[in-house]
Structure formats: C-alpha cells, structure tokens
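To keep things simple, chains are lettered A, B and C as they appear, and every chain counts its residues starting from 1.
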Amino acid sequence: MKQQQTPTSEARAAGLTLRGIVKHFGPTRVLDGVDLDIRPGEFLTLVGPSGCGKSTLLRIIAGLEAQSAGSVTIGGRSVDALPPSERDVAMVFQSYALYPHMSVAANIASPLELRRLSLFERLPLLRWLSPRRPRVMREIMTEVRAMAGQLQLEGLLDRRPAQLSGGQRQRVALGRAMVRRPAAFLMDEPLSNLDAKLRVHMRTELAELHARLGATFVYVTHDQIEAMTMSDRVALMDKGRILQLGTPSELYDTPADVTVARFIGSPPINLLEVEASAGGVIRMAGLALRAPGPGRYTIGIRPEALHLGRAAPGLLAARLRRAENLGAEWLLHAETEEGAPLAIRMTAAEHAAADALIGQVLHLSASRAGVHLFGPDGRRVAVEAAVEAPA
Amino acid sequence: MRRGLVPRLLAHAVLLLGAVVMLAPFVWMLLTSIRPAEEVFGAVFNPIPGRFAAPENYARAWNEGNLPRAMLNGAIVCLGILAVQLLAAIPASFALAKLRFRGRGMLFGLVLFGLCVPIQVPALPLYLGLAHAGLLDTYFALMAPFFLTVFGMFLFRQFFRAYPDEVLDAARLDGMGEFEIVWRLATPAALPAIAAFSVFSVVAHWNDLYWPLIVVTSSELATPPLGILAFRDTESGGNYGALMAGAALVTAPLVLAFLVARRAFLRGITMTGLR
Amino acid sequence: MTAPRQRAEARAGAAFALPAFALILALLLAPLAALLALSVTDYRLGAMAVRLVGLDNYAALFADEVFQRSLRNTFLYVAFVLPGAVFGGLGVALLVHARRRSRAFYEVAYFLPVTATLVAMATVWQFMLHPSLGPVSALLRALGFGDVDLLNDPSLALGTLALIGLWQVIGFNMVLFLAGLSAIPRDLYEAAALDGARSGPDRFLRVTWPMLGPTTMFVTITSTITAFKVFDTVVVLTRGGPLGSTETLLYVLYLEGFQYFRTGYAAAMTVVLLAFLVLLSILQARVIDRKVHYA
C-alpha cells in the first residue's frame, strides 16, 4: 500500500486561508472571528471540546454552510461565491454518508460521474441515448478500480454499504473523496464511529495516506490524542475561537492558555491556585518562580513532572488516595491539603523504589519544564528567570 | 444555502392552488351551512350569504334528523371498540414481544395474516352469525368485529420489542408479577404508540360506513355516516343549508381534534401508516 | 434462566395471549372457514335448504357481466387514482418539506380531508357538483365546457369518483412521504453537493428518489388497497350508476351479500377479493423487507 504512487498528487495541494470567519445561528454566535492559514500539503487538525464550532468551521470551508462574515480562500482563489462542488475540496463525513442504494463502485464513481457526465447523460432511461456515455463510464470504472486497489476494496466493489464493516465503509468514503484528486481533504471526526482498536489502526493509515498523497488535510476531532498523533499542526478551538495554533509539541510544552493546557495531555494537567508574594515570587513543589507581579495565579503541573521525594519544607504535600497500575507506568491520585486533586505519573521502576502506600502523605517536587503559570485571565504568564531556591 | 425567491414563490403558488382545492369543500360546506334556503340558488354568484342563517340551519340539523343520537352512538362505538382493542391487544403484544410461550410463533403468523384481511372479508359470516344469535341491530353488533385488532397488536409488539429487557428483569427481581409489568411498566412506556393507535382507530370507526350499513337498521343505532345519509334522504327537498350544517356537525369532532392535536394525529398516521 | 421462571413466563405468556387467540378464532379464522364453506353452496339467507354446488359460484362469477364490469370499473378506478395519489403526494410532500413557516398550514390543508368523515364530505361534493347549484359546474361552464353533470354522465362519473378519492388520499400520502423525507440524512445531500450535484434534479435523482424508494413502494401499495376498496362515495353519490358505470367490487359485493342475500355467491366473490388483497399484501411485505435491507 505504501509503495503505490498517485501520479499527480504532488501538484494537488492547496493552501487555505480563513479571515475573520463569524457564524451566527439565530442569536447564538458559534464562530467568533476565526483567522487561520493552512499551508499546502499540511495535516492540520481542528481540535476542541464538543460544540465549540469545529464542524461548523469545516462546513463553511466546504461551502455547506454560509459564513455570517469573513472570507475563505482555497489555493489562492476566493471561494465565497462558489458552491461546494466547485471548491475543489472533498469531505469525509463522520457517518461516511455513503449512498445506501448504490454499490461500492457506484459510490466511488459518483463524484466522477457528476463531473464528467451532463445531467442529461445521468437521467434514467434517457442516458442510454448518449453515444459518449459508455466510453466515459469505462474510463471512470478504470479509475474506480485503481482506487479500490489502493484502498484494498477490490473484492467489495459490488457490495452495498450495508454489507460492509465499519472500517470498510470508512475506506469507501475515503475512496469517494480521493478519486477526484481534490486539492484539500476535509474530515469531520472520521474515526469516531469505529471501535477503539480499529481507530488506532486507522490513525496510522490516515497519516500514511496523507504522506503518500501530499494533499492538504483539514481534520476535525474532539480527541486530543488523534490531534497529537497525526497532525503537522493543531488548532485548538474553544467557544468559537482558536486559542492556539502550533505543532503538537508546542501545544503541549507551551500552552498559551489554561484551557489549552487542560485540554491537551492525558491524564490532564494538575491545576492549583497560588498566591504570588509582594515580590511576585511563587513557591511551589520545590520551585521558586518569579511572576510579573503579586496576586493570584493558576499553576499547571503535568502529571509526569511531579516526583516523589522525602519530607522537606517547600515540597507539595498530598495524601495518596488511589494508585493505578498501567503496566509500564503507574498513575497516582492524591489530594493536597486544600483538597485539590493531583495526578502523578511515574514509571513502574520509580513506583517500586518509592513504595507509596494508600493514605500516606506524599512529598512532591516538580521539574521546571512541566510547570506552567497562567494569569487570572487564563493566559500564559511568562515566568522570568526563576530564582533557584531549593529549600 | 437558501434557494432563490422565484422558485419559492412558484412553490407557494402551486401549493396554494392545491390547498384551495383541498379546502374548497370545507369552505363551501361552512358557507352553505350559514346561508338561508332562499339564497342557495344564487350562491355561485354570491358566495357570501346576505342573511346569516346559521341558527336556523344548525337548529334544523340538530333537531330534525337524528344527528345528535348518531354522534353519541359514534362516540359510544368508537370508545367501546378502542377499550376492548387495547385491553386485548396490549397484553398479547407484550407476550409476543417479550415472553416465551407455546404458540407464540403461530400467534404472530396469524397477526401477520390478519393484516391483509379487511372487514369486508369476514363480514358475510359474521353477519350470519350475529343474525343467528339475534344480535343484529345492537351496539354489540356494531363493535364486535373490531375487538380484534391485529394491526394494533403488530404495532405494539414492535414498540415493546424496543423496551429494554434489563428493566423487566429488574422489576421481576423486585417482585413484580407479569401482569403488573404489563400495565405499570410497559403500557406507560408505550403511550406514544397507544396514542397513535387510538387516533387511527377512532378515525377509522367514526367514519366507517360499510359495516354499520350492514348491521344497523334502526335509526336509534345509526352511526354518524348513517345519520348523515338518513338526514340527506329526509332533506331531499333541497334544504342544502341544513344538510351542510349536518355535514359540518358530523365532521367537526375529528377535524377539531386534528386541528388541536395536529402533531399527535400526524405522528399517529405516520406510525400506523409506515408500520 | 431457572426452570420455575421459565414456567412462570410461559404461563403468563399464554394467559396474555389467550384473549387475542379467542378473538382471532372467533373473528378471523372461523369466519374465513365459514366463508370458504359458503362459497361452495347455494345458500341464501333465510332459505330452508342448502345444496353443495362445488365451484359453480366461481364459474358463475366469471360469467357474470355485473361482476366483470365491477372488476373493470374497480381496476379503472385504481388506475385513475394511483398516479395522482403517488406522484401528487410526493410532489406536495417535496414542496411542503422545503417550507418553514408555512409548513404547518399546508400540512393541515392537505390532511384535512383524511380526517373528515367521507360520507359527509361526499354529500358536500354532491352539492358542489350539482349541475345547476354547484360551484364546480359553474366553474366548468365559465371555462367553456358547457353544461356537464359529472355524476350522471356514464363516461365521467367514475373519473369524478376517482378525483374525489384522490382528494381524500393525497394528504395521507403526503404525510407518509414527509416522514420518508425527514428520515433522509442531511449528510447524504451534503456529500452529493461535494460530489458535484448542483441542481435540484441532481439532488432528487441521486439522493431523494432512491432514498424514498421503499416509502414510494409502500405508498403505492396502500393506495392501491385503499382505491381497491372504494365504497363510501359510490353509496352516497352514484349507487353504481349511471348505467352501472360506477359499480365497483365492494359495492356489488355489498348488494349481493346484504341486499339480495345471495350469500353463497357473495362468499365466492369475497374469496376472490381476499385473493387480490393477499397478493397485494405479499408485495407489501416484500417492500418492508427491502426497507430493512437498505439501512
């Protein structure tokens, strides 16, 4: 599968530009001024909690929904006035949206038929009058068979969608999108109807497909793991806005917003309320950080950045409530004196060495790289050269 | 992606034209029912009555013919039929959907077969049987053939099948008997289907002509369609105002019920129509 | 499951099914058996002696001009009603489905005849079609058709009944089609739009029509059965006339069985009717099967 080449694919990648996209449904504002530049050939994922407007944004790109304000450019061409079929994008739907009454072959052939045959040549009965049709259909079927070969659907071409497994339907939907070689693929949670195992497998397959086709992929998901594992870049959305756009590592290592920090990472980041002293110094879990000024902050500590230590002043004390053995790792759930929950992730070896018992008080230190500070507005706060003060 | 103004206007034009045809008989019925007898002849040129004669027409329709009695009979017959239908069909269809017992397959086969047998088929033997028993021209004769509703059994069975088995098992563990389960758990859950079926049943039997025409001869037992037929024959003198008032009276209960409970009616028809 | 539980379940099941079984026996099976038995006798209601006549009734049936005419009229009536009922219902549903604010109004307008008592509305139609007093006749005169008496002209009466039948059934079919239309996933239209379906006919041919296939078959069959059973309007409006041009199957059956009391003969006629209906129902079952197949 990996070796096969689609001849023209390199030339078929378009960049997408969104400027100030706003969408109202009645009084509710679903998209609130979205700007986004998607590079030609990149795998960009829109991720965010359910209802944040991802699908709406994707449907605006596709032309299935009209934006209330703003503009969409695909491959340098403004498409605001174009119907979906002329935007040179293909879409893979969550439900796959296969035509249930058509065979797999007819489903994959559908976009080509609609493009290469006139309405007259597609009408029942009348279509047999067209002298051109048999030749065009033969060409289409050749392409459909080639596509089926690429997607390992050869034996299934005569089946109806209802006779296919979820994974096979997914492939047919991909085939129908790929067969017309669009400049960009739009995918709305395409894996969410698959069982967990197949989902993991299809993740790899989609990533490979992207590499092979070289086309632009815009991928919508609410699953941060999908976003982190497949994408070149991730745009994290919340309440109709893009909070941060960056590579998966950028989002994980330097979250621009407490919402981003909370959304990315599993188990989620530990968030604690802290008070900075008059000099702006925050002492927490063995670290001393210098914030821009005094006041209340939220500090985020990744679970893997917390380490067990011996009782010492300045360390974060928390009572161990529960320990989960994940095999190679352990996940400890503890509670601070203030009652805030804490998750701590460690290797099995670390756990064995520490011998932490349920009910016991743990003394935790944090490593600097996994600690982030957020202001009252939720935005990331740059921590100035921290005063190293191991207590 | 709203479509253009012209296609929309065109659609409205076509629909309005159709709606005029659909509603014309109702409008004409109501207009004539408030028209004095002497104006009926010029009605085509002057549809709005010159004198408001509703009181006399409706009074005549109410008093002269047998319509109040026919409508009361209609209500009695419809409710009687519906009550027995529900009492028999609900437990049976619950058994069909959820209980294993000998004869279940056969019962369901009979239900499916019964679906394609309309009243006109058993009418002849049923008539003979009722005649033999001296029961012709009774409420019982009007209602009895419809006590069996294979259609209702089919509909309820489909509905009960979707009911979660876990809930039933939990109820059994709590000590509920099957009888209680049917009437206290399953029936309330099936209320939408029951409502839909009731609409279907009442509409069918209020309006039915074939069977009442066969078994009823005395005017005390006339159902609404028979009542309007008889009233038409006594009013053959051409008092169309009163006749239309009578038609309006007979049609009113269901039409008003439909206007009030439009959603329930349409759901009932869709559910029962599509099975 | 434990054995006592199983026994209790079987007992309850049998008890619940018993009334239904009894009703089926009394109101369906016994009458059907009696019907078959009657159809091979010369029984007349009130007659003293009964004779077995074998298939004579059936033979007579197919030699009977009245029966043949009623069959012909019934099929003709079905042929008149059916296209309008199916395509009219579909067309109205398509138009109504696209409306938003006015949808409720149109639903009510088109569905009103379904709930209205047909006998009462038939008397209204009789008045509307009255050659001198009715607005329809006046309209036809104004359109230059001259004096037409739709219900008393042998060449027009059946067609007129068919139009009234259509008037009554179209709203019912509209509702069924509307249900079918709302069951079509919006995704499919969107997929078609991206595939390149731009025009209304394209969307209709690629998505709407095939997705409505099972509904259409269902509507066709139920409409056929409904039309096949035309009776009320005949009784109210024409009583089979003029010149037998509106004698339909059920009307003739009614006359033979319950006016002339030729019971054995009517029984044979009923058996033929049942055969038609069973045939149609088998078709219908097939359709429902296919619908399950699609999903």
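Everything that follows uses one rule, which is that a residue touches a chain if its C-beta (ideal position, glycine included) is under 8 Å from a C-beta of that chain, and two chains touch if they have at least 3 such contacts.
The UniProt protein names, listed by chain, are A = Multiple sugar transport system ATP-binding protein; B, C = Multiple sugar transport system permease protein.
Bear in mind that the values here come from a model prediction, so they are computed numbers and not experimental data.
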Farthest-lying chain, centroid of Cα atoms versus that of subunit B: A
Selected interface, A-C versus B-C, where C-beta contact pairs are more numerous: B-C
Inter-centroid spacing, subunit C versus subunit A (mean Cα positions, whole Å): 55
Distance from the mean Cα position of subunit C to that of subunit B, given in whole angstrom: 16
For subunit A, residues contacting two or more additional chains: 64
Residue numbers on subunit C that touch subunit A, as the complex places them: 185, 187-188, 190-199, 201-202, 205-207, 210-211, 213, 293-295
Subunit C to subunit B touching residues, read off their complex: 6, 8-17, 19-21, 23-24, 26-32, 34-35, 38, 45, 92, 95-96, 98-99, 102, 104-121, 123-125, 127-128, 132-135, 138, 167, 170-172, 175-176, 178-179, 215, 218, 222, 225, 229, 231-232, 235-236, 250, 253-254, 257-258, 263, 266-267, 270, 273-274, 277-278, 280-282, 284-285, 288
Subunit C-touching residues of subunit B, taken from the complex the two chains share: 3, 11-12, 14-15, 18-19, 21-26, 28-29, 32, 40-41, 43-45, 47, 87-89, 91-92, 94-96, 99-104, 107, 110, 112, 114-118, 120-129, 131, 144-145, 147-148, 150, 153, 177-179, 182, 203, 206-207, 209-210, 213-214, 224-225, 228-229, 232, 240, 243-244, 246-248, 250-251, 254-255, 257-259, 262, 265-266, 269-270, 273-275
Interface residues, subunit A side, partner subunit C - complex: 59, 62-64, 83-85, 89-91, 93, 95, 97-102, 110-111, 114-115, 119, 122-124, 162, 176
